[in-house]
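Every chain is named by a letter (A, B, C and D) in the order it is written, and numbering of its residues begins at 1.
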Amino acid sequence: MLRSLLPALSLVLVLLAIAWLNPRAISYFGFSLMLNLAIPIALATIAQMFVIAGNELDLSIGTFVGFVGCVTATWLKDAPLIGVLILLGSIGVYALLGALIHLRNLPSIVVTLGMSFVWQGLAILVLPKPGGKAPDWLLSLMAFKPPLVPFPIIAALLIAAVVHFGLMRTSYGVILRGSGGNAAALERAGWSLLRTKIVLFALAGLFGVLSGMALIGITTSADANIGNGYTLLSIAGVILGGGEFVGGRVSPIGAVLGALTLALAASPLLTFMHIPPDWQVAANGAILIIVLAARVLISRRER
Amino acid sequence: TSGKKIAFSNNYAGNSWRQAMLDSYSIVTKKAVEDKVVAAADIFTTADKEVPTQAAQVQNLILQGYDAIVINAASPDALNGAIKQACDVGIVVVSFDGIVTEPCAYRVVVDFKDMGRQEIEQMAKFQPKGGNLLEIRGLAGTSIDDAIHAGILEGVAARPEFKIVGSVTGDWDQTTAQKAVATILPSLPDIVGVVDQGGDGYGAAQAFAAAGKPRPTIIMGNRQDELQWWKEQKDKDGYQTWSASIAPGVSSLAFWVAQQVLDGRTDIPHDLLVPYLAFTQDDFEAELPKIVKGGVASHEYTQEDAIAAIKANIK
Amino acid sequence: MAEANADIIRRDGAERHFGAASMDIIRLDGAEKHFGAVRALAGVDFHVAAGECVGLVGHNGAGKSTLMHMVAGTLMPDSGRIAVRGGIEEHYSVPRALELGIRCVFQELSLCPNLSVAENTRINHASLSGFGWRRRAAELIAAKLDEIFPDHSISADDIAGALSIGRRQMVEVARAFTVTQDPLELVILDEPTSSLDAHTAGQLLAFVRRFVASGKSCILISHLLGEVLGNADRIVVMRDGKIVASDAAKAFDRDRLVTAMGGAEAREKITAEIAKREAGPLRVRARPARQDDGKELVAHAGEIIGLAGLAGHGQTDLLLAIFAAASRAKTGIEVTAPVALVAGDRQSDGIFPQWSIVQNIGIRSLARLRNGLLISPQREAELATFWREKIGIRTPDMNNNIFSLSGGNQQKALFARALGSDAKIVLMDDPMRGVDIGTKLEVYDLVREEARNGRTFLWYTTETEELDNCDHIHVFKNGRIVANLRRDELTEEKIIQSSFGDAA
Amino acid sequence: MASLRLLLAKPWVWSFIGAGLVWLATVAFTGGYGGGGMITAALSLAVFTVIVGVGQMFVITLGPGNVDLSLPANIGLASAVAMKVMDGNDAMIVVGLLAALACGMAIGAANYLLIRALRIPPIIATLSASFIIQSIDISYGRGLQIKPPPGFADFTNWQVFGIPVLAILTVVFTIGAAIALQRMIYGRSVLAIGQNIRAAWLAGVNVGRTRFLTYTLSGALGGLDGALLAGYFRGANVDIGNEYLLASIAVVVIGGTSVAGGKANVPGVWGAALFLVLLLTMLNTFGVSAGVRLVLTGLIIVGVITAAGGQKALR
């Protein structure tokens, strides 16, 4: 029981540290600033989570987000129809990859490793040098200032709730997770594993697209290398959120919390601590270790 | 400006150029703080050259209430969102090296395109007959790579005796560059010269030596090992070349620009052009002993230098 | 009362069977199946009539599970015909089988460990969807569990992976009997009681009788011949991929079954053959973590100690604790010699799925199989061949993957791993799951022989008759030892009494 | 014919086939020019990937979730340690190599400590560790390029009849690794743990020691690789190992090792490493732009793995 609360606990820990270091940050303005870049991370983490739910791993999500970003800042603004078609097509490519991986029984890690080059190459072809501009509607969406609760928090809640409902509560969500738990059992019950894999990958593609668009909505313009770091971040987020690499054990709420924790620990906390430049990178690692080690004390007691 | 706080947002610290840049910056700012010119000048470095990480960093600097942010940006455009947020709350933003295009920010720019053009001009001096060139590009998809490359193309267009027969991506990383050159060399015809983006010259020279190919004229990039190798070759057989790169000390100029703006100056143009640092056959040996072993040639700006540099830019 | 009732049904079923072939739920003609060089099925004719419980027995690797895979649509025969209710099925498949009301509880359990019991139920019912499916699924499975295993203590929200193997088996069986849209005509139970204790197994078999009495059909596979003899209407005996006997259950007795299966002569219960031995040096002294009185388990060299009681009452935990204590000191447990373990839950505790049978057997003895620094493949193969002969592992090639073995033969490989090692203490975690009767008797002999040679066995079992092999029997309840019986004091009643006794 | 089919069923054959095809395509493009030089270059460069690849392979074989992300940082730090200890002095080569090995082993052991004592998932533990190592490297090496002793530099470049000696030594080492994997208790333990850690424990495998040794081994190989890289690329630097983050994982998985653990493949690491270098050679030779080059690289990797296909589970 306590175990499922661990991701939330890590987040609270980081928030407490931030509040102590810089009380100013705990405000409407502070949260808006600290957390808005966590939204695309959370979306990418959710994308990765769908893939992990089916016992696969996506090493291409980072460059895919970058590719989507480049399309968003160019085609989607200049020729919205073509832009939408490209993005839908890229979700289709994800679905096809799922099918390919299932039909040829390929290791997803190699296929997505290859695809990570493809997406990055396409991103460079779409946007040979940094630039472009996000569509206005996207800019105003990401700059939205709702009353009382900052937009990033609302967005995070929304993402977590929607995905939790879809994957954890609906009847087909059970089938999707079951495909990671015991694929043979699912097949024996008459379900198509090809279909579950396609759906999981298509969902990953969809959330990858959302992540890229959200990112460009915040940064306002694109760069072919903009998403590269998201591959590792998203995997770390899923694991931090209590997910496991095999066995279909994932948690959408945990994944979103994990992504927020990573985003907060990597930047605001670090910036507020005033560490000598040489050791700032190390501090980044140390924070991660401390956050995770704190969890150990709890999970150990529970045993 | 003695009450003002200036932050420096940097996205990478792992090579000698960045280390020299940080050194120059901290030497100059430490003195400025001691002299009570500014109240604080803190340095923030992220690890990974990633845009989102640096964007988040800028946003957090806003939250900390700095008056100005000096930035070496991971992307010229993709940080604009965060930069705009900073400007909107009245923070002065000065970018250099990796500049930002957001109009509200100041840019201390080096004319990289001219640097590319000059590489071909200089090459023509050493290889008057012209011939085949190998180009080593920088990190794909960045503006600096794009500008230098464009300059080189212009130069070649102006001098048809040169022909680029091979182009590899070196990512501004000596290891990657050497590896890329090593893989392409076996299949290339004879090369008279190598044009690059600075810092890749030594790796290229090693790759030629390893493949047993004749040594071409390699444009250098102001690193100590490059100049050292140049000197060894020169001592051996009078080898000639040219060397250019942006000086890491530009970071200190950016700091002074921020300080001047905070001081209330309104006549400073948002785009300041500063020269890149180049060495020729005649003057590089004088510079060599001044560079720390394994480091890179630099030049720090004092407040007076900076004011002069600003003045030169006011038309 | 129940006995008389069953009689009528049985005759009824036989009549239908001999009367109208069209009443066959399913009929296979000339089914053949090859796995590489292995001929798992060599032209089998098999049918099940409505309202009939068919008992299927045969030695390990006889082809029972393979035949059931054909019936359930999960494997296609290489040749042969399948007919359902008289109609030939050209494209038989799992969805088709489900549509026709044919369900299967497979030998290797097929729950998704990451899902809850209710969610696992959902997987078998395409119609459990839409608003409120969760509640409906939970109610469905809870009702069926209540019906089959009245005192089950399983919640629909429990995560399957966290349940003990016995409970998982209960869930899986109950799930197979749940009904929504699709009809339910025939349920295949492939060794459904292998991980159940006698009490729970009895509940299940009673339910099967009620189920068949209501006109439905069932195929019951078990290596406990008593279960088959007592519950099936008709018994089919398989041997080496062929059906060698098929007759009304009444026509069989234990001896005839064993003979038909090709096993050893049926044996009398082991009697006082276990002579008084003087206790050797102390090997294990262990107190369960939850034990609050002074009771403890003590084992000397040459002793066979039985762990009894209902499944999941702390027997496995104590064995694991003893195993752990062998490599790292632990309070309350004293172990004085090397330990090996024979896993009962072979999927999660025993098998290395990527490896050959040889490698699976050798892993516990690597240090002894070395020539210098390197493991000698020759000695490894010798070890495996020795045990293949000794306990009869059925395979054309010991270098085949472990999964090419039938379930019971996989279990034999795990025995070989432990008995072939240098361990002086062998812990056995209900190790006979899925082992055929012939082999069992051989293994019993083997265990006693090894004990005579000074090995110590701690033997947890859910089959009461196996306890006859033990010198001392400890009965467990709620993680504690509640009774300590000598073999001559042992009776089924005493065990049941202690298992259900009110000692909290 | 039958033996050919048997050979094709081996997962590692495909990486060699891929490497061969890519080489043929390149040679066809240049009209046969430079084919031998390409192989020499490919062998010299593949060596570095193979060394870390073998370490990574053992780690990945430990089962899902096990991966060493600290290799790049480890390589960077070890390269600096080796070069500083050698200090340009040929007499100190062996000491420097030992220092690099020790440094790598310490990092590997620290990784395992984080994983075991603090129960941090390996992927996050090694990632966090790599941040810390990077900082240590920056403050220790100051981002400077420290040069190797000439003897060591020559050794890393030494060729006999166009075959790099380092490659020959590495082949010997990988044969050793293959034997350790299949025929030693350590290797068997790794394979057992990778298939089912609980079953391995219950079968008497010393789980803790095996995992400790594996992470330490991976660290040690990273350290050794750092020293060799610094020799070959004529200088230590922080970034020298960067590309091995992806490359070390790529050669393992392309080479046919199962990411689900328990199944490893040493020859495949060589095949995949040669394949990746020759792919780079081919695309550099074709002279395509960076974008197209990346797209082609990806498509070829996907194509080769699709042609190879996976294998079905037995039950």
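By definition in this document, contacts are C-beta pairs under 8 Å (C-beta built on N, C-alpha and C of every residue); 3 or more make two chains touch, one makes a residue touch a chain.
Labels paired with UniProt names: C = Putative ribose transport ATP-binding protein (RbsA); D = Putative ribose ABC transporter, permease.
Quantities reported herein were computed from a predicted structural model and do not represent experimental measurements.
> Which chains sit in contact with both members of the pair chain A and chain D?
Chains that touch both chain A and chain D, as defined above, are B, C.
> When I count C-beta pairs in contact, which pair ends up with more: A-C or A-B?
Of the two interfaces, A-C and A-B, more C-beta pairs touch across A-B.
> Go ahead and note the Å separation of the Cα centroids belonging to chain B and chain C.
About 72 Å separates the centre of chain B from that of chain C.
> When the centre of a chain is set as the mean of its C-alpha atoms, what distance in Å lies between chain A and chain C?
The separation of the two C-alpha centroids amounts to 44 Å.
> What whole-number Å value describes the gap between the mean CA coordinates of chain B and chain D?
Result: the chain centres lie 32 Å from each other.
> Mind pulling the chain C residues that touch 2 or more other chains?
none
> Show the residues in chain B shared as contacts by 2 or more other chains, in ascending order.
In chain B, the residues touching two or more other chains are 13, 47, 140-141.
> Which positions in chain A touch two or more other chains at once?
In chain A, residues 123-124, 128, 184, 278, 280-281, 284 touch at least two other chains, as defined above.
> Strictly by the criterion at the top, what is the full list of touching chain pairs?
Those chain pairs satisfying the definition are A-B, A-C, A-D, B-D, C-D.
> Help me check something: in the complex, which residues belonging to chain A touch chain B?
Interface residues on chain A, with respect to chain B: 22, 24-25, 29-30, 33-34, 36-37, 40-41, 123-124, 127-132, 215, 218-230, 263, 266-268, 271-272, 274, 277-278, 280-281, 284.
> For a test of understanding, state which residues of chain C touch chain D in their complex under the given definition.
Within the complex, chain C touches chain D at residues 108, 323, 327, 340-341, 343, 348-355, 359, 363-364, 366-367, 370, 373-375, 377, 401, 403-404, 417, 421.
> Across the complex, what residues on chain C touch chain A?
72, 74, 93-95, 98, 104, 106, 110-115, 119-120, 122-124, 126, 128-130, 133-134, 161
> Can you list the residues on chain D that touch chain C in the complex?
Interface residues on the chain D side: 179, 183-185, 188, 191-192, 195-196, 198-200, 202-206, 258, 262-263, 313-315.
> Which residues of chain A touch chain D in their complex?
Listed in rising order, the residues are 57, 100, 104-107, 109-111, 113-125, 128, 184, 232, 235-236, 239-240, 244-246, 278-286, 288-289, 292-293, 296, 299-300.
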